[in-house]
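Labels run A, B, C and D following the written order; every chain starts at residue 1.
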């Protein structure tokens, strides 16, 4: 039982983080908060991938003499690029938030909807 | 031996995290983030030795360097209100913080 | 054993931090906590043997993303999230709980953490682990998979980063005047002497370290993505301490735009050269006298292109954010 | 052997200081005293642990990297503390000079 919990704890925390991020995106009205929630979601996916790539007693995937067991390098590659792409897309989202603020004067979703209706 | 040290660092990480969560002012949080960064550097350095993967020291080095950038950015925002002007901003709005 | 223990403790910390991020309403405090969140995730990657990933997260999370979020806070002049009472919280909460429960049910069949017999470990990964060192002559398998085996994938990612940079420029790049900054003051830096002296000492070291990461990436953790991020963090530090105008004198934005395009051009250009030399697109084996030498040269060039592109794009994004609303 | 014992003492001392610094962040009543507790212990803790690790590593590239981390932390940590205290002062936060009656300070 204990082994099962330790063996799946990583996945459960990833899912928990994913749901926290998801909740922040769907329940909060503030756009910056939504983007931060999206980032939390994103990090949870990274954690899940890296958890899957880990091999017990394995070494980092850099060739060294006398090491036989390495972690899986493929998820590392995917996540490494995803982190940089993630920050670039976050910047794009934040730029949109700045423009929304300049156009509407607020970054609260409710107020933006109200302004849209009154126009 | 490394185990004891990493445990000690984990305990202090927990305490610092609690300070970052509790606040009460922004400056407490900034100090907590800075200290958290240093402790992460140490944790990774100790981990590099306990697992024999000295490549990890490069990561510790990055943290030691980049953490400073973040802290300076926060200071600049708190003091000047933006990244381009050098006028003193009205900082009351930032410092009035209730977690 | 101790690594599993550290892993569990750090995961618990990260869960607590995420909940705190969700519950807080002060955006400034949230961004501080997000910095801690990223520290924790990078430590977790390091514990889980993903050295290169931890490297990237360390460089991105501690510097760039915090700075960008702070810039947004400054530009939108919003410190506090408004919590509306009328929001019905039960609907999103129940959606989240149901989704989470389904996902947890899904994990029950997953192989345990660190299982060497898991399906993910038995398909394509053994090929990379066995052959990568022999075929490319590089000890760092992540670099050879990134730049050679999955070169198309990485090209796509670089183009996405480039496109995001272009989009940010289009959204925020134009001159935008804010009415309340009427006084035209001379940019005079009032930051304390200590900060300036220490920054002068640190910035060259960061740049040298970034170059080390760029060219040592074939042998140890590192590579173009990490080096580009670290290099742009150095210039961001310069901007923060010496002012935006000084930074734009050091690296004019027009040159940065050319550099961003140049990085992508180097990457695609290497592909064209391999076609002209009679190989497939991005098959570096034809570049050198022997297959291994060609692979080595190709990976070096491609990583250089990635480094230049990432550096220029991230810096363009930061300078655009920082310069928005400048009188 | 002596080097081993010495490095263990340094490592343990560093770990202990880390915990003390963590407690210090909760013990003191205002930003400045908390920052004092955090900043001073933090730098010394880093120094001790890195020195202890360097003794374990012997003379190699690893020691050089440790020395670099050491130098960076030595420069950036006090600077960050200084900038923080400076920003707090300019932000209008006054240090608490009197002891509060019901506080948790000693």
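Note that contacts are C-beta pairs under 8 Å (C-beta built on N, C-alpha and C of every residue); 3 or more make two chains touch, one makes a residue touch a chain.
This is a predicted model, so every value here is computed, not measured.
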Leading the contact tally is the pair A-C
Between the Cα centroids of subunit C and subunit D the separation in whole angstrom comes to 29
Whole-Å distance, C-alpha centre of subunit A to that of subunit B, is 20
Whole-angstrom distance, CA centroid of subunit A to CA centroid of subunit C, is 13
Within subunit A, the set of residues that touch 2 or more other chains is 59-60, 62
In subunit D, the residues touching two or more other chains are 68, 72, 76, 79, 83, 86
Multi-chain touching residues of subunit C, meaning two or more other chains, are 49, 51, 71, 73, 75, 195, 202, 205, 220-221, 321
Chain-chain contacts, ordered by label, are A-B, A-C, B-C, B-D, C-D
In the complex, the residues of subunit C that touch subunit B are 2-3, 6, 9-10, 13, 16-17, 20, 24, 26, 28-29, 32-33, 35-36, 39-40, 42-43, 46-47, 49, 51, 54-55, 58-59, 62-63, 66-67, 70-71, 73-75, 79, 181, 183, 185, 187-191, 195, 199, 202, 205-206, 209, 213, 220-222, 226, 230, 233, 236-237, 239-241, 243-244, 321-323, 325-327
Touching subunit D in the complex, subunit B uses residues 1-2, 4-5, 7-9, 11-16, 18-19, 25, 27-28, 30-32, 34-35, 38-39, 41-42, 45-46, 49, 54, 57-58, 60-61, 64-65, 67-68, 71-72, 75, 78-79, 88, 91-92, 94-95
Subunit B partner, complex, touching residues on subunit D are 8, 11-12, 14-16, 18-19, 21-23, 25-26, 31, 34-35, 38-39, 42, 45-46, 49-50, 52-53, 56-57, 62, 65-66, 68-69, 72-73, 76-77, 79-81, 83-84, 86-88, 90-93
In the complex, the residues of subunit C that touch subunit A are 4, 7-8, 11-12, 14-15, 18-19, 21-22, 27, 30-31, 34, 37-38, 41, 44-45, 48-53, 56-57, 60, 64-65, 68-69, 71-73, 75-78, 81-82, 84, 87, 89, 92-93, 95-97, 99-100, 103-104, 107-108, 110, 112-116, 118, 120-121, 124-125, 128-129, 132-133, 139-142, 145-146, 150, 153-154, 157, 160-161, 164-165, 167-168, 171-172, 176, 219-221, 223, 225, 228-229, 310, 313-314, 317, 320-321, 324
Within their complex, subunit D touches subunit C through residues 68, 72, 75-76, 79, 82-83, 86
